[in-house]
Amino acid sequence: MTTPPVDAPKLPEDVLIRVERLTMRFGGLVAVDDVSFDVRPGDVTALIGPNGAGKTTVFNCITGFYKPTVGRIALRKSATESWLLERLRDHQISRRAGVARTFQNIRLFGGMTVLENLLVAQHAPLMQASGMTVLGLLGTGGYRRAETHAIEKAKAWLERVDLIDRADDPAADLPYGDQRRLEIARAMCTEPVVLCLDEPAAGLNPRESADLADLLRSIRTDDGVAVLLIEHDMSVVMEISDHVVVLDYGKKIADGTPKAVRDDPKVIAAYLGVEDEEVEAVEREIEETGA
Amino acid sequence: MEYFAQQLVYGLTLGSVYGLIAIGYTMVYGIIGMINFAHGDVFMVGAFLSLIVYLVLVAIGITFVPIALLLVLVIAMMLTALYGWTVERIAYRPLRGSFRLAPLISAIGMSIFLQNYVQVAQGPYLKPLPPVVTGGFKFGAAEGFTVNVSNVQLIIVLTTIVLMAVFSLIVGKTNFGRAQRACEQDRKMAALLGVDVDRTISLTFVLGATLASVAGLMYLLYYGVVDFYIGFVAGVKAFTAAVLGGIGSLPGAMLGGLLIGLIEIFWGAYVSGAWKDVAAFSILIIVLIFMPNGLLGRPEVEKV
Amino acid sequence: MAAPASDAPVQKAPAPAIVPAIKDAAIAALITLGLAAPIMGLVTVQSLGKVQLEPHWMRVVLAVAVVFVGRLVLNLTLWAPRAGKSAPLITPEVEAQLKAVTRYAAPVALAIAVLLPFVPGVERTTVDLATLVLIYVMLGWGLNIVVGLAGLLDLGYVAFYAVGAYSYALLSTQFGVSFWLCLPLAGILAALWGVMLGFPVLRLRGDYLAIVTLAFGEIIRIVLLNWQSVTGGPNGIPNIPKPTFFGIDFTPGPGGFADTFGLTPSGVHRVIFMYYLILALALFTNYVVLRLRRLPIGRAWEALREDEIACRSLGVNTVNTKLTAFALGAMFAGFAGSFFATRQSLVSPESFTFIESALILAIVVLGGMGSQFGVALAALLMIGGFELFREFEDYRMMVFGVVMVLIMVWRPRGIVSSRSPSVFLKERKAISGSLVQEGHG
């Protein structure tokens, strides 16, 4: 499947990913139930919800680790190129459709150096340059140039995430916060159109969270890459996202701007499990912490 | 039909022996996640010990067969258990929590050692034992076809059933069983909650060796001959059985053992004796392609 | 996690306490008695058609005494509790020194290997032995791609060795194809079989993969054993032709190697030629593997070993990556197999048993997964050491097993346990083996 499918839907220009009626069942358990939402290009879209709401499942469907039971996920990569993500094999989602992701429990190649991690992310173009290994084995010039280029790109990203001094250290040796940033840099090295982050701020201290917010803003603004993230840290969500989708028990309960979502009583009830009369009090509290 | 039923009897007998050995593989795999490659050789040691103990009993004048067999069973079980315990102590315990391939290589080394140790100590020749248990039954004479079931076959199948029941009780109901299941789930957490992990693992090896020794005695009674090489062949088959049934699952090991036994016998009877192992291994590969966790294995959910 | 290889009860006193040491040794001796008494003490012998027992109590006494004294001495010396923890045998300083040595070790070893046949005092048997060692070095390097780099556990590697050997044997004896043409053909055939094995096992992990590869190896062996009309069954294929030196035969007569180069005819020429042939093949393997490690495919193999799921999220085609690892690993086994066939002039199924696969795997693991030099060293130690004790026919296999256990307990990560990065910005720093994953296969 090297060319986009002919029946890929024509998405409007202001939609990057359209999730339609997504349902995912595991045996008898319905983890995601009829969820639809859009991700717009150039936006930071946050997917939030209490534990077990099905956020990671939606993520895994978009990034190809699960095949949805029902539903369709369309991606408009450019004016002429659209993909149906559920039809692509997992590695093609990154390579062809330009969807990159990070993981909740960081998945770096721990025994490889920071630089090597970033080169693995550029596997597809490098593989092509090495003539599917054959030319590279013979040592022709094309590959060497491609590799230099790949290292330059890796270096640029290491500068941006402030890890250039640790380029030759094994990834497993980095502190937790650095590993998070490295994972983002690695995902960005695949040159995606959308970056999916699964709880990027988990385990970070306030300073690191602030740096992360800056990095994500810069990815959106400077690189023009849309960001889709799952996050529990509401300060990060409220600060950087343009659009918030709220899930609860596998269903979408709210969808809108951070402000609109924050004021939605259904969201507050879902998070705190409280009756309507208490909502007001809670709203005030959230107002204070969120601002 | 007659032929078929007769082959079924052979298959169930062989399958019972494989099943008993397979349980040892599956229990060890369940608790420490390693292939105990030396287990087949522990079975072989068990068979030799059974032979030696039996000859000792004959020499001191205990020749009443039921008593002698019971004594052989118990003594050989104890001695084989000592071997199982020692193997774990020397070759695996120092490697606990280490690189996963290290215990595998260590186990292969142990397997080579045990084979050659028995060869050096006992000589390389086949050791025959004249039939101890004789006689048998004929079934179905009235219906017009006869199936012979020898007493040995009956003993093997019955012992296997009894042992399976006892084992299910041990794992399901006793403190040891609980500790063992806890270690399977999470060894660190079990240790924090006061389970003596080393002791539990040791006991698992002891139990596995005990069953292997029973299998060894059954093999000796059934085939009437042992040599130092039987451990490898039986071990590979039993391991295949454990994986076929779903490694880590006790009923799976028994089911896998029976299946491998039946496949071997039926293939040998109806198709070709020389190719029976190919049949067993091919079916294993085919099953695993469609059921990557074996027949009764717990599905491994890929966590992302 | 596990204490050092001592199972003496934890002792608080800093000085070696004699009483607990004796007690521990006595327990060990007692266990040995239980183990040794039936198997070593009572030997089953056949006389007059009956099996009888023949007592050999001296052996038991000896075994018990050795264990008691050995354990006592160890308890009082090496395992004696020192103040605090016992110092590890290999300290970081020693490790650093070892690394410095290994930097020069590879070139020195290469020089020795190249000059070996001409070193005074080196006899034909030594060159023969070196040839054998090199076969295993080559097999180890080939398997290293699958196990060490891609992290896929393969217990049936010998099958590809067999495919290579039988390919050459059949092509040369049936169709008269020359060695030099067969060599690449055997490699390609073995690689095809590697892909054939690779396809069904793509979804399998860990020990399921191990048993399927083992089963595959056994299937190949049984087919070779039973397909009499083609493979000659248990007798194998005899009279496999030897390779020529660019068309010149190693025959004593006119036109032979000695005649052409004006040398005295001697059987040694061929032995030396075969030695250089396998050396060249092994070095070729080494070159290709080192080269591959620095190419995207090699990095993808290692990334696959580290984390398969992350690989997929980065657009690495894990199916192709696994298949190429199987295929290339198998290809080198195919080359080695056709060399083996021509060296032995006879192939038979008994050369391709599971124990061979286990041996090659042991070489890879003992050498240190992923390390080319470590694998070569392990092959030299295992095969060379094994052949040195040829006189002790019965005992050497037993000792061989014990040594495998001891080396693993001593260095679970193998002789060379660190990984060298494939690319670097400023400085190539070795990566400690404890950080490197071992793969799930």
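Per-chain residue numbering starts at 1, and chain names A, B and C are given in the order in which the chains are listed.
Here, a contact is a pair of C-beta atoms (placed from the backbone, for glycine too) under 8 Å apart; a residue touches a chain by one contact, two chains touch by 3 or more.
Treat the numbers as computed from the prediction; the structure is a model and nothing was measured.
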- Task: Name the chain whose C-alpha centroid is most distant from the C-alpha centroid of chain B.
- Result: A
- If you average all the Cα positions, which chain's own average lands nearest? C
- Task: Just give me the whole-number Å value for how far the CA centre of chain A lies from that of chain B.
- Result: 50
- Can you check how far apart chain A and chain C are, centre to centre, with Cα atoms defining each centre and the answer in Å? 44
- Averaging C-alpha coordinates per chain, one finds the centres of chain B and chain C separated by a number of Å equal to 29
- Query: Considering chain A alone, which of its residues make contact with at least two other chains?
  - Reply: 65, 103
- For chain C, jot down the residues that touch at least 2 other chains. 309
- Task: Specify, in ascending order, the residues of chain B that touch 2 or more different other chains.
- Result: 302, 304
- Message: Considering only the defined contacts, which chain A positions touch chain C in the complex?
- Response: 63-65, 90-95, 100-101, 103, 107-113, 115-116, 119-121, 123-124, 126-127, 130, 133, 136-137, 139, 143, 147, 151, 155, 164, 167-170, 172-173, 186-187, 190
- Within their complex, state which residues of chain B touch chain C. 29, 35, 45, 48-49, 51-53, 55-56, 59, 79, 82-83, 86, 89-91, 93-106, 108-123, 125, 127-130, 232, 236, 239-240, 243, 247, 274-275, 277-278, 281-282, 284-285, 288-289, 292-294, 300, 302, 304
- Item | Touching residues on chain C, where the partner in the complex is chain B | 1-5, 7, 31, 34-35, 38-40, 42-46, 50-53, 59, 147, 153, 200, 203-205, 207-208, 210-212, 214-216, 218-219, 222-223, 225-226, 309, 354-355, 358, 361-362, 365-366, 369, 394-395, 397-398, 400-405, 408-409, 412-413, 433, 438
- What residues of chain C sit close enough to touch chain A in their complex? 288, 291-292, 295-297, 299-300, 302-303, 305-307, 309-318, 324, 419, 421-429, 431-432, 435-437
